[in-house]
Structure formats: C-alpha cells, structure tokens
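Before I ask anything, here is the structure I am working with.
Letters A, B, C and D mark the chains in the order given here, with residues in each chain numbered from 1 onward.
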Amino acid sequence: MSHNSFGHLFRVTTWGESHGPAIGCTIDGTPPNIRFTLAELQAHLDRRRPGQSRYTTQRQEPDQVRVLSGVMPGEAEGEYISTGTPIALQIDNTDQRSKDYSDIARRYRPGHADVTYDVKYGIRDYRGGGRSSARETAMRVAAGGIARKIVPGLTVRGALVAIGDVWVDRARWDWDEVSRNPFFCPDATTAAKWAELLDGVRKRGSSIGAVVEIVADGVPAGLGAPIYAKLDADIASGLMSINAVKGVEIGDGFAAAALSGEDNADQMRPGTDGKPEYLSNHAGGILGGIATGQPVVARFAVKPTSSILTPRQSVDADGNAVDVMTKGRHDPCVGIRAVPVGEAMVACAVADHFLIDRGQIGATRV
Amino acid sequence: MSHNSFGHLFRVTTWGESHGPAIGCTIDGTPPNIRFTLAELQAHLDRRRPGQSRYTTQRQEPDQVRVLSGVMPGEAEGEYISTGTPIALQIDNTDQRSKDYSDIARRYRPGHADVTYDVKYGIRDYRGGGRSSARETAMRVAAGGIARKIVPGLTVRGALVAIGDVWVDRARWDWDEVSRNPFFCPDATTAAKWAELLDGVRKRGSSIGAVVEIVADGVPAGLGAPIYAKLDADIASGLMSINAVKGVEIGDGFAAAALSGEDNADQMRPGTDGKPEYLSNHAGGILGGIATGQPVVARFAVKPTSSILTPRQSVDADGNAVDVMTKGRHDPCVGIRAVPVGEAMVACAVADHFLIDRGQIGATRV
Amino acid sequence: MSHNSFGHLFRVTTWGESHGPAIGCTIDGTPPNIRFTLAELQAHLDRRRPGQSRYTTQRQEPDQVRVLSGVMPGEAEGEYISTGTPIALQIDNTDQRSKDYSDIARRYRPGHADVTYDVKYGIRDYRGGGRSSARETAMRVAAGGIARKIVPGLTVRGALVAIGDVWVDRARWDWDEVSRNPFFCPDATTAAKWAELLDGVRKRGSSIGAVVEIVADGVPAGLGAPIYAKLDADIASGLMSINAVKGVEIGDGFAAAALSGEDNADQMRPGTDGKPEYLSNHAGGILGGIATGQPVVARFAVKPTSSILTPRQSVDADGNAVDVMTKGRHDPCVGIRAVPVGEAMVACAVADHFLIDRGQIGATRV
Amino acid sequence: MSHNSFGHLFRVTTWGESHGPAIGCTIDGTPPNIRFTLAELQAHLDRRRPGQSRYTTQRQEPDQVRVLSGVMPGEAEGEYISTGTPIALQIDNTDQRSKDYSDIARRYRPGHADVTYDVKYGIRDYRGGGRSSARETAMRVAAGGIARKIVPGLTVRGALVAIGDVWVDRARWDWDEVSRNPFFCPDATTAAKWAELLDGVRKRGSSIGAVVEIVADGVPAGLGAPIYAKLDADIASGLMSINAVKGVEIGDGFAAAALSGEDNADQMRPGTDGKPEYLSNHAGGILGGIATGQPVVARFAVKPTSSILTPRQSVDADGNAVDVMTKGRHDPCVGIRAVPVGEAMVACAVADHFLIDRGQIGATRV
C-alpha cells in the first residue's frame, strides 16, 4: 500500500512539496516501445501552468519537465522510447517566495489542509502549502501525458462546464473553442460571461467554485473490472484525490437519481460492425464497472479556493483564536487549471485498465 | 492488485454469484480482540434484506451469515472475539429461481452489465445477474458490521435523502425516524410522499433513482492520507463501486462549485478542549484527504434499476435486434436498499485508515 | 496490502484454521475460459493428503474441495469453465479431535508458532495449531491446480531430494519413480534408504528435515519483472511462506557461491529455432528476475517438525517453566508432504507473471 | 502492484539506469518526526561504494545522495526531520564511460540479464547493464538508512561469511573486525586468506561467489504476519531481489534439513523479565513468520559475476554465434559490496512490519 501512488499496473508515485528543490514522479509499468516527446509532455503541462491569464495565479512556474530514466532516445528530435523500466519525471521548483508564507507557519488557513496535516503528522512543511499544494498536480499531468500514449486511439479531453452557477450552453458546445479562451470553455458566449464574473471575484479578493467535464473517446469496450477496482470507481478515486474536489459523477451522475428506468437505460441496436450500437449514453460509457465502448464521461466539482483576501476566523497551532487572510498569488477559480489534471487522471485510469486487460507486454503486441 | 478487494490494511475480498451455492467474503487485517456477535452482523444484513416491504423486491433471501474463521468464541452467547487472522463470512444462496432468468442468457438487458461482461470475458453467469447482481452487496454489509467495531466511538448512519426529485426536508431531519419507515427516510412527511410516488412507479412496472446520505460521527481527526489514498478518495471509490451508483459527493459536493471562498471555508475557533472548533461543515469532515474530526458526510446517487416491465430495444449475443422486458422480482427503487451498503463502505474506509494510522496491533492498544 | 494473500494479478487469499468448520481460499484474477475439473484439483490435493503411508500423519482428512463461485459448468462431466470472477474453493474440516490439543492451549511448543502468535495477537486458536497449521497448505495446492491450467504448456513437478543428510542420486533421477514411493523420491534406491531412516525416526518419536526440488518446464522466456517483483523473488517469497521452510535456492543456489564466473555463467549458442540455446542451467532458468525459457529450478529446505515425543523445556502463557511433549498424530518428516505445496507455489508465481505480461484477458487471447 | 517497489507500508520505489543522468528512489510511508542526517545516509552508501580497494571495481562513483522531499530541516547541522510525506532520494551518475559498453549493445553476456531483458521488452538500455546494473542497489542502501531510524533499538549488521568455499571461523567472530578489512570479514585470519584468494581471481580475470550473513538485533517480538507476508518471506523476497543472489536462508537454513526435531526446536525457559528466554536460535529469530525477539539471522548466496575476461560462447541479438569477453572495471567478488545491500533489505523489511503493527502514526507514539 502506498499513499502517494495511483494505479495498479500503470502506477504513478508522486513526491515533492511546493517549496522544496523539485517535484517528481515515478511511473512504473509503462510498456516498452511507447514513443513520446518532451514537447508533448510539456504541452500538457503548459495548459495547466499558472500565470497565463489574469484568471489564474500570477506565480511563474516554467515547469520544465525532465525525463531521468526508463527511456532510450528515439530517432526523431526530442523523442523518447520507453524501455519498460520505471520512468522518472522531475520538475525543478524555481519561483519560490518563501517569505510570502512565513506568517502562516503556525496559523491554520480555514478550508486548507494546514490543520489536518498538523493533527495527523505533528509537523508540516507550511511553505506554499507544502505537500498539499496544487503544485503536485503538475506531475499528474506529466504522467497523464505518457498514459495517453499507451492506449491506441484514446483521446481524453476536458472542459470547464460551470463557474459558480453559470453553466455552459451544451447546444453551443465546440471542442475547438476550449483552447481559444483562458477558461477551457467549450462555448464562447459562456466564456464571455465567465470573464465578467471572474473579474468581479478577483477584484473582491474572493474565489469561486467550478465543475469540470472529462470525455474519453476510444476507450476499448471491455476495459474495467468488477467489483471494487471498477473503471468508474478508479476514476472516482483519481478525480476525488485532486485538490479541492468535492464531488464526482459518471454519465448522468446525480441527475440519474431523478430519472425513470425507461429514460435512464441506454437502448441498443445492432451496429454496422456487428457490435451493439447505443442510442444514448446516460451511463457515461461504463456499465457494471466495465467500459461499453461509448465515450467515458466524468464530471467533478471543485470548491472555491480558501485562499482569499477576506479575513476569516481561525486558530493557530497553540490553540489561540486568530484572523487569517491569505495574501499571495492565488487563483480566483482553481477549477480552471483542474481541467488538464482531470484529463490526466482519467487517462491514467484508462491506461491502467488497458494494461490489466492486455498485460504490460501484451499491450504493445495487440 | 485484486479487483475484488476493498481496502489497504482492512481488506475485504468478496466472491460469489447471485445463483451459485453461496456468496462470501474474507476480511483480512482485523485487529485481534475485537468482539462482535452474529446478531449484530445479522441486524445490519436484515436492514438490507429484500422482501421486507412492497417497495423492495419480493425475493426472500434469509441471508443468514456464518463466521467460518478468524475468531474464538466469546463469553457471551453468540459472541465472537477476533484473533487477527482472516475472518471468512458466508451466506448460502437459498431462494434461487433460475428459470426466471433463462430467457436473458443471451439477450442483453439495457442498462445492465450483461453486455459488458460478455465483451470483456466472453462468458458470463447470466443467472440473476451473476457476479454483477446486487446480492454481492450483502457481503459488504456484513464486513461493514465488523469494521464498525474496530474504531472506538465510531457511528455510521445513513438515510435516503431523495427519490426521484423529491428531497427530504432537512428541517425535519430525525435520525430516529429512519428505522420507522421502509425508505430509511429521516422525515416522516417525505416518507409519506415517497410511498405514494413509489406505488405509482411500481404499478407502472417502472423504476426510479435515489440519493443516499451517509454520516460518520466519531471519525478521529487525522485519519486519512495524502495524496492518492485520501480518505475521501477511498470513500469515493468504495461508494462508486456499489451497483448502480453514478455520483459521489463529500460535504457540500457539487453545491460547493457555486459557493464563494468566504462561504465555503469552514471557520474555526478555539474549542473548550483546546482543539479547533469548526463553525460549519461544508468540507464534510475532510480537508486535504484527512479527517478534521467533524462528522464525515458523503452522498451518492443511485440510478433507477434497468429491470423494468416496459420492453426496450436491445441486441442479443448473436448481434440480432431484440426487445427486452425484465420480468421477475425487482426493486422499484434500488436506492433504498443501498443505504446500509453505503454505511458499510464508509465504515470500511474509516476502519482501514484507522489501521493505517495505528497499525493492526497498535489499533487495539491505543 | 493483505497478509494472507499471494500474488499480484493471480491473487490467492486463504482463510481458515485447522479446527474451524472449514478452510478456503479465493482466487482473484483467473482469466475467463480456463477449463478444469474437480478431479484434477482433487488429484493434487490427494498427493498432499495425510494418512497415506506410515511416514505421514495418520490424521484422516478427506479434503474434498468444492468450487463455490467463478465458474460455469463445462460440457464434460465435472468440468468447470472459469468466468473471470473470483473462484472460491472450500474444504470442510472433518477429522478434528479437539481434545488432543487441550493441554497445549497455554503451553508453548518449542519450535512452533504458539508463542509468537500469542506475543503478537494476545489471543490464538490453539486447536491443532490454528491458523499456523500446515492444513492451510491444502488451499495452496488447490489454487495451484488452477494456476497450472493458465499457462499453456507449463508443467510443474517436484521431488524430495534429501531427508536428513541422505541425498538422492541424481544419476538415477527418474520422474516416473516419484509417484511410486511414499516420499516423492525420484530414485528407488534412495527411497529404500529413506524408508529405513524414517522408520527409525518414527519409532523414536522424533522427526527429521528434508529438501524439496521443484522444476517448472515450459515457463515462457520473458516472464518475470525487475527489480523487486522478480520471478525468483516471488518464488522465494512463496516457498519461504510455506510452514517450516528455512531456506530457498534458485538454480545452483548456495553452491554458486563456490563457483568461478567461468563455471557459473550459462553459455549460449544459436538454437535451431533462432532462439538462444543454453549449454547449461546454473541460473535455474532465471536471469535478472526474468525467465530464460529454460526449466525454472527451485529448492527449499524444510525443518524437522517440532512435534516430537521427547519432552522439551518451555514456558507457558503465565511465564512458568514447563516441559512440553507433543502427543497426537504428526508427520515424522513434514518435508514429504511439502512437495505438492512447493509445486503449487511455483505454479502460482509463474501464472501470476504470465498474467502481468499478457493481461487477465490477453492471456487467453494469445 | 508495482514491479519496482519493495514493502507494504514502508514502501521503497527505485528508478534509474546505470548510465542515465541519475538514479533515485521514493520512500513512501516513513512516519513523521524521524530524524536523520545526510552524513548517516552517506556513511552507509560509502560502505557500498566501489573503488575502495583492489578487490572491488575501480569505477569511481562518489554517490552523493540528495534529499529532495519529505523533510524539514532539523536543529543540528545537516539534520532532517521527516514530515510523513514521500522522501525522494537521488544520486547523480557521474563516472559514466559509455564507450566501454558500446560493443555489448547487441551481444548477450552469458550470465547477465541482457538476453532476458531483450526477450521481454524488445528494447534495453545496454549501457553498463542499464536497469539491471548493481548500481540500483545504491538506492536500497540509502532507503535502508532511513528504515534503520524507524524502529527504536534496531541494529542491523552484516558480514561476509564465505568467499568461494573458504568460510569464516565462527569461533573468531568479531563484529569490530568487519570494518577493518576490505571484505566485511568478521575474522582477521580468514580475511587474510580471502586477500590471497581474490588476488589470484583478479589476476586471472575471473570472479568468485560469496555468502553474506545479516543479523538484526532489536527486532521487537511479534513483528511479522502470517501467512504470506511473513517476516521471513518478505526478507527472502528482498534478499533474492538483489542482483546475483541465488539463495536465501533464515536461521539454520538448509542445515536444518539435516537436524532432528529435538536438535532443531529452540527450547525456552522463563526469562528474568517474564518473557521467554530462548536456549538457542536455530529458528533465526522467526517462528511462523513472526519475530521471536531473538536476533533475526539471514544468509544469502551471491553468484560470481559473469563479467570476466575469459571469452565465453554466446549469441547476439540477430541470433549469430559470438564470443563475449567482458572488459571494463568489474568486481572480482560482487558478494563483498552486497553486504550493506543485504543489511538495507533486512532493515526495510523490519521497518515495514513495524509500521504494519504500529501504524504510520502509531509507530512514533509508542
């Protein structure tokens, strides 16, 4: 058992604190002969990177990932070929301003994990949130970049579908729009509303929550496993483990509770390829923990960051009442940068079940 | 890695199909000297048992659990004392009507796992849903009965909070009411509405979804573990692994997405015992994957069962178009019986993290 | 983590005490469409069964195994086909004479685990050794019977190669001889010596140790995995976990320490099939934790049972000095019955790595 | 499941190849508030470091370990305090002479894992043995340095007890002597014989095997766990996973096979502290997989390195017959440097079971 690992056969173990010398991960179980480039990993990391618009934190983290093991050079420039041994990825921490955090060494920020880390461990790296910093999610994104390469034909995309109570208009959904605005919003009209909404939030020194949707196309039918390591249970675990996430849905999710059996069950008819063709996808691509071959659809709710400018009542490590106001450079809506992180967790879960089905070696022979 | 196991140190492995000779589980990691009675386990099982009202399936499953290993007899009548070795629990299958299911051996019921099991394994025990039957959840409830005994002071309770779009009135919430109606409803007024609603559903041969809420009191502050085996991630995995569950929330869950940082973060003040006292519980008792000491609150959405009397379009194993109508004895609202199952999964996750913190032996020495 | 489980993807979890109602195991991860018969499992169990000659305990354990889940009936009489879900096996305990053991409830038998179980757990099922009884190994043999079916072309055979300091004559090795004598001895001449030796041991109420050799033919080249879950490390773990085992070797084992590099390294030349042909097998079929394709050869040392008629100095649970003499029906040489158990552990480890390489589903598609 | 990890709760995952930019490991599960210094880790590493005498390889690996996460600075110079989060350790590779290895890129060195890696993965980092290089064991030693700090009162020492067929004289055993000669030999007289023996081996360009003995004092009685994750099974797995190891023994090991039950079982009498006092230690401190409180004694056999100057018959990756002679800087007896590695694996296994018993948090509260 490893608290800092995700996955069974495709196993990602992360390490590192926000303000240590570096963060990193070890990816164990990657099949041999998987090709990837540093540029591909970096592209995913850049989508998550802060400081790209006024709607995310102004910290500058170049987040240059390095590959330290598990590969041989490929023929193309910057290409790597996996050898089947553990792939170690690492990102140096460069833009650390420890002084920003000195005042919170012993004061618990409400809504943050400061207090629970102290209760559990009796010691804590308080600089920048230490291990509980969202910085850890950079390694998830990097690992996800490799996971995406393992399953032939897999595409994992994400979008922000709500900020506060402003939801995207699904009739206007356009995947191409996602990369054109700073919100991963699939609908330009909603993106404009969010810009206005977030400007207000930011000016008030406040923050707001969001909902992210991940869609994985090309998940082979049959992936997954009853009863406990179900594909949806593993996705739920992966998404819920992301900082600030408080809810996870598959397919219709909570809305399914209000449906009748007639409306909820996805009917089938014979497809042109002899396989079942589904007439709807309320199930979100998973039945009994096993992929149907339809797109896998997952959503997760991200709470508003607790790092806000308004003073809040709290206590310090000595049990005194204190007021805490979080200065520093924070995201008004941490849900935005959670989009590539959610994609990565779904990609990792799918790659993991792909290996369970086909084997570490068999996966590349099929 | 074991697909049919839940938990790290308190590890439950279940086996068995709906219409095999028996179902069972092995509980590995129970500390020694935990006392429990068969009657206690049975009481939990009886709450889940079908056939107790007209709102659940009329199958009669006496579900008499037996303890086959891992215990010595206690001094009291029917009492067991755990020895620290694996506890095997078993329930014989008695009310099997295989003939009810013969027509679905090769016809895929929409919304069920028939098709995905066949795609994955190429073979499937089709009788009564086989391994994907909700019958498996009886072993979860039994295992949960032991988990509850491991953490001193732990109480795990559940209630149904919505059927369809009819939600309980939280102002009327009364835990004592839960056991007085056939819906695990904490509010008698809503229970009456649900009775009417479900009578209609049942008469139409239809089904409807539901939302369950689980509250765990007495979870010691500090339980849990960053980054991946978080207490909330493990609870999410456990609840999402229950049949028909499509969504999981902790604390405010999806509603947190609509909150501001000021409203969402739970403020603290010094408590009378020197520990922080929280002024609210939006977090649902978990921050950074670690328990705060407040009640742990989780909710999950259960889809309507796909076993309905209305014919639905589908295919058979040979790829032909067929209409499928599920006869037999089914629950109009499977969410009802999911309440004790959800309790069990939360109890197992909490017991597991208790052992991770204190150790299999240390747990009983504290 | 599960203390009572063996294997990663082919995962066997055993439960049960010597004098409880039954013993059993759950085998998780068996690929679908594996065919086996009860008679095959029983044949392996019968080889391990006590009471078959005067050289093993006279307890009568019919050891009739039952299959409770994870299968559909095959076309042939008594045939099962695995479905990919957990296979539960169970053997009822029938010949329990609890009275034989009442005097050792609180007296620690030297060389047995009585004292360590009590130190660890503070409670112990003392009847017949409880969980530490060699009876648990019956489930290993049953599980091994299924493991053998998973890897096409795999043959796992075992033989006793030493009792005390009397070793078999390798020049006379004949696998067919193994089933013709009560010692699993591959050499009739040595078998005759052992008969005489053991008659003396038995008459003195003493016991003696033994060495077992397991040879697995047909292990596909490439199975195994660096660095920690090596095929040889997993075999070592599995064999060392058998009761009374104190040493494990692969290939030349400890004798390799006395060799020079020239003599130890197995030279190769091109084989007729284009694959390397090895000129010797000092490595025992494993290099760098990965199978070479040659026979995998493992040996393990079994200590003499500590259940002997000579009184030995000991203490009781209250700390008093006592003399302990183990009455009852015991094996003069427990190493004999360890042969099929060792075969089973090697078969399980090989099947496990086969699944890691090929996948639970891929394994049956290759 | 993770092939490159060791341990259950104290979990070490290593990565890196001999000639990549660095090697490293992540240690997950270390309890908080464990104090250690870089100098302590370095001291263990220096004992394993090559180039210290003419009896080990002349490669110069300064092996300066760095701590990248999981700690806060302690009060003393160079002191770290663990925080309970993953500890990442890293050593840069500096003395890489890739040209030395260019001729073996496609030629399989007999006795090495070249051929099996290629069969398994179809690709391999051939430089310096890549992942199968003994360089990986540096990270085991570093991780072991932290493991040693976790169990109060634990001392793990190792010694070389045989080179070839020359065994130490146990009557002369002196632990202090171990650090005074380049062989970790506990007996000066034998050390002199080994010097002469190895000079001959080295001059012939040959190599020779060895046997290492590890003794762990202060292992708390009760550590360990039946049935499969036994303390001895875990030690066997850990030691067998070290490069070139072909055999593992606990206590009397293979010699136990030749003993009678009277001679093998360790008798007990009441100790002055009320606990059992053992009159001998044939069991090597472990009964039924659980520590007795006596010293835990393990031995392992290391084969002669296959890197020798004598040409050997082999094949290349294209299936051609070739002669292979391993030039470069190699150890005439790799068993020597295996001593600190063996210590580390035993320390890790003991620390792991300590946490299983006491818990990650409970371990530091007891």
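To be clear about the criterion, a residue touches a chain if its C-beta (ideal position, glycine included) is under 8 Å from a C-beta of that chain, and two chains touch if they have at least 3 such contacts.
Protein names from UniProt, one per chain: A, B, C, D = Chorismate synthase.
Bear in mind that the values here come from a model prediction, so they are computed numbers and not experimental data.
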Every chain in contact with both chain A (Chorismate synthase) and chain B (Chorismate synthase) is listed here as C, D
Contact tally winner between C-D and B-D is C-D
Per the C-alpha centroid definition, the whole-Å distance linking chain A (Chorismate synthase) and chain D (Chorismate synthase) comes out as 38
Cα centroid separation, chain B (Chorismate synthase) vs chain C (Chorismate synthase), in Å, comes to 38
Quick one: report the Å distance separating chain C (Chorismate synthase) from chain D (Chorismate synthase), using the average Cα coordinate of each chain.
27
How many Å are there between the centre of chain B (Chorismate synthase) and the centre of chain D (Chorismate synthase), using C-alpha atoms for each centre?
45
Multi-chain contacts only, two chains or more: what residues does chain C (Chorismate synthase) have there?
1-5, 8-9, 14, 85, 120, 131, 222, 225-226, 356-357, 361
In the complex with chain B (Chorismate synthase), residue positions of chain A (Chorismate synthase) that touch it
1-6, 8-9, 14, 108-113, 115-117, 119-120, 131-132, 136, 162-165, 201, 206-211, 221-230, 232-241, 243, 246-262, 264-270, 274-276, 279, 282-284, 286-293, 301-308, 310, 312-315, 319-321, 335, 356-357
Residues of chain D (Chorismate synthase) that touch chain A (Chorismate synthase) when the two form their complex:
1-5, 8-9, 11, 13-17, 20-24, 26, 28-29, 32-33, 66, 68-70, 72, 81-88, 120-125, 130-131, 361
Give every residue of chain D (Chorismate synthase) touching chain B (Chorismate synthase) within the complex, in rising order.
1, 9, 85, 222, 225-226, 355-363, 366
